[in-house]
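Look at the two complexes coming up: chain A is in both, with chain B in one and chain C in the other.
On to the complex of A and B.
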């Protein structure tokens, strides 16, 4: 075995599956929807929530809310794209071809999220830029390492969560409803806009098991100058949530294959 | 005897589901199907819609497990040794679907090559070879959403052959293909068999099955009704001879009289423009042209001819 066989070919396979599934299954990846979602929506979103916050509280939107908006754009972008990938796999009739292929299922599963991860991070950066342009967000105390680590972890944890939800888009073929549900839960329960302490206890618990909750707290701490060590507990918690969804999600994907073979479902 | 490529023993598949009211429903798609396909042969699976052809292909290609029975491909069990089976098979299903419309034909093949674990170099070489084979090289860099159904069918075949399979499963591969490409397909399949590839093809086109298949199985309601080489199917089941004639006047009682003739197994009289077409199925040599003239009346028959039965007629007779 040479280096090409050991490293080059597996990387080429993962890259090919990631790029071509992104292009083939992500319906927003055409100029108008993509530019709108990536570069226009963040400004609109930040502005809208800032106005709503001011109207609701009588005070200007805090930096925390604006940072939350940046992360929210990451989740909106990744969620829509990944859920589409799973549903359209079935709608386009390519799922049986995956089932009959000799390739590693986990490579296929994770490749569905790879470019959306990059896409989500880009969206978060654009939104933070929008926030810095439109609002006078104080970036003077930012700990870059903490913020970067938190953003990367949030993207990974949310990606694992979106892939987990993608299984249900494949099963129920209702990605729009799923996306709306996920976006609402993230918006309401993770502290993006509503302070978690103000939620009923049950909803606070629900927030604990969602991605973003701990990562966002770490991110906000990073913007306030906290080091990685200081935000370490929050970062670990976010990683643990992501890892759980990664394990459960990939297990469900294997279960779908089992069910397809035994019950004859998902072939059409 | 040559190696057995595909073997099904008493294969049964029952689909179970529940209605919204919770009532259990069962549909038996395969009911004790047994067959064997020798390596390097072209095997046709014929049957009406819902006969169990696609279910058979899905089981053999590891997409579905049988409810009972046993199936293997080159000795590998399709339920337990899925990896080994997938290493030696190619599958063309999907018709209009089964591709990513927003990327090109070449990119689709690259994608499925990567999915199948081919190396980068092998994927590119095989993609070019397969595009050439199915005459899509000049359209390979166009998005698949602009392909006609026939082009998609050819791309299905290209994808199925990417991994150099030893057994190729083709589920209704020529639906939507124009006559020229269908002819090219009928030339290509025996060529693949000459290269040692075993081909299992399901089709509704009897002429196609007659031309390309070494052996045919006719299934209905999940059961094997008949099997053998096409000529044996045509000769071996019921009437072997067909007498056709144009009838000028449909005299009362004519069809009953014909049906009552010695050796006649089945007869039909159908409108054909201003005249009628009489078609009589009989055992070989039992019915002569003068016999037919004698019952139809002088000057009432034109264009009388006798011929062997086509596969389609044999198929209809078997299912009737």
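On to the complex of A and C.
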């Protein structure tokens, strides 16, 4: 087997599957829903929390809250896109086709998140920029390298988490409930708005193992001027969380395949 | 028109039973609890009892409206996709009344979850609630409920006419919450948004609710109630016209496409 077959074929398959699953299984990919979900909804959500913060506390929302809410656009887009892809794989009847293919399952699994990763990053960058301009976020001390690294890591870690959750969307066929639950958990437990130390201990622990928690702290530190070295611990923690979900999620996908082959489940 | 009350009540019961499922309750609760909790936490930070009260009553309306918009938005589309729209259209009762019965059921059902969210805000807020004038509060809540129903109901025909696209509501819901003033006064919005908000019946109703909680006299609230009810009537009439368009479209082309 030559190098082209060994590397080129899986890469070609990965790219093809990424595009096909994005076009075929991502129902928001029509002009109005796509544009509004990518760029309008996240910005409006930042505005909603900014005005409620102003009313409730009597002070404008801090830069940290604006940055956190803007980054939620990444999790919102990736979460919605990836979870529905998994469920529609089964609902639309293409899952059995994958099971009989000779292609590498891990290529299939990871291809479900590839374009959503790019989508999420684009949405986050645009929302972050727009929110920063409108809500006057201080850019004077920003460390571009730290911010970029943190954004890329948050996207990767959250992508691994969404793929992990996608397995359950495939099993239970309830992606809307799962997506709502994940969005709620990310909003409440990762320190986007609510200070994590004010949460009950159990919820603080839950936040520790969610993606975004450590990455957001690194991102906020980057906006305050921290270097990659200074934010290194947080970045590593985010990477570790993502890696854990990547390994466990891949294992669950293989287990789903095993159940489907041996016991005929998940076909209908 | 004699059969309208029966059609309304039958549609109400049908939709209530359809909503009273574990997955539906789970979806609404997990989808709303975080945003309600975060608003309550912010109110606790401020520590002002009138703000906590405003947010507590506001989230009841917000939860009902937000949940209903999503479900009602796909009522006609869902009926069309599942083939029951033809049956509803064969009935002599206009679609407007059938869908209104379902809308009322959605609000009643999600209202129960809204009341639970009220309790959550009061508990997290930690300073109780203050009610300036109970009569004004009840009247303002009724007006706000009518306004919220009208503003959710309009999405049933609108989504159908817009082609029933998935993901249609994700930008509309937070925008509707901001412009309706469910969790903050309209007065703190930028000028252009205030103008847009004034076109919605909910913004006038929530302003009356806020003023009523602060003990404003009835005479001050009457104009706000009046404008809200008039705008609600306008939105209902708009909905009725759109339902006529929906029926016409189905009869002409056989579907929403």
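The rule we apply is simple: the second predicted complex is superposed on the first by the 259 of 268 C-alpha atoms of A that agree within 3 Å, B and C clash if a C-alpha of one lies under 4 Å from a C-alpha of the other, contacts with A are read in each partner's own complex, and residues count from 1 in each chain.
Heads up, the rule we're going with is that a residue touches a chain if its C-beta (ideal position, glycine included) is under 8 Å from a C-beta of that chain, and two chains touch if they have at least 3 such contacts.
Just so it is clear, the structure is predicted and the values come from calculations on it, not from any experiment.
Trainee: For A:45, decide between first (touching chain B), second (touching chain C), both and neither.
Mentor: After superposing on A, A:45 lies in contact with chain C but is clear of chain B.
Trainee: I'd like to know which partner A:243 touches here: chain B for first, chain C for second, both or neither.
Mentor: A:243 contacts neither chain B nor chain C.
Trainee: Looking at A:133, would you say it contacts chain B, chain C, both, or neither? Reply first, second, both or neither.
Mentor: A:133 sits against neither chain B nor chain C.
Trainee: By the touch definition at the top of the document, which applies to A:16: first (chain B), second (chain C), both, or neither?
Mentor: A:16: touches chain B, not chain C.
Trainee: Looking at the overlay, does A:145 come into contact with chain B only (first), chain C only (second), both, or neither?
Mentor: Neither partner.
Trainee: Per the definitions at the top, what is the overlap between the chain A residues touching chain B and those touching chain C?
Mentor: Shared contact residues on chain A: none.
Trainee: Which residues of chain A touch chain B once you look at their complex with the stated criterion?
Mentor: Chain A residues touching chain B: 4-5, 8-9, 12-13, 16-17, 20-21, 23-25, 29, 92-94, 96-104, 108, 260-264, 267.
Trainee: Which chain B residues qualify as touching chain A in the complex?
Mentor: Within the complex, chain B touches chain A at residues 13, 15-16, 58, 61-65, 83, 86-87, 89, 91, 93-94, 97-103, 107-108, 110-112, 114-117, 119-120, 123, 159, 163.
Trainee: For chain A, which residues are in contact with chain C within the complex?
Mentor: Contacts found on chain A: 27-28, 30, 32-34, 36-37, 40-41, 44-45, 47-49, 51-58, 76, 80, 174, 176-177, 180-181, 183-185, 187-188, 193-194, 198.
Trainee: For the complex, which residues does chain C have touching chain A?
Mentor: On the chain C side, the touching residues are 23, 26-27, 30-31, 33-35, 37-39, 41-43, 45-46, 48, 51, 54-55, 162, 165-168, 170-171, 174-175, 177-178, 183-185, 188-189.
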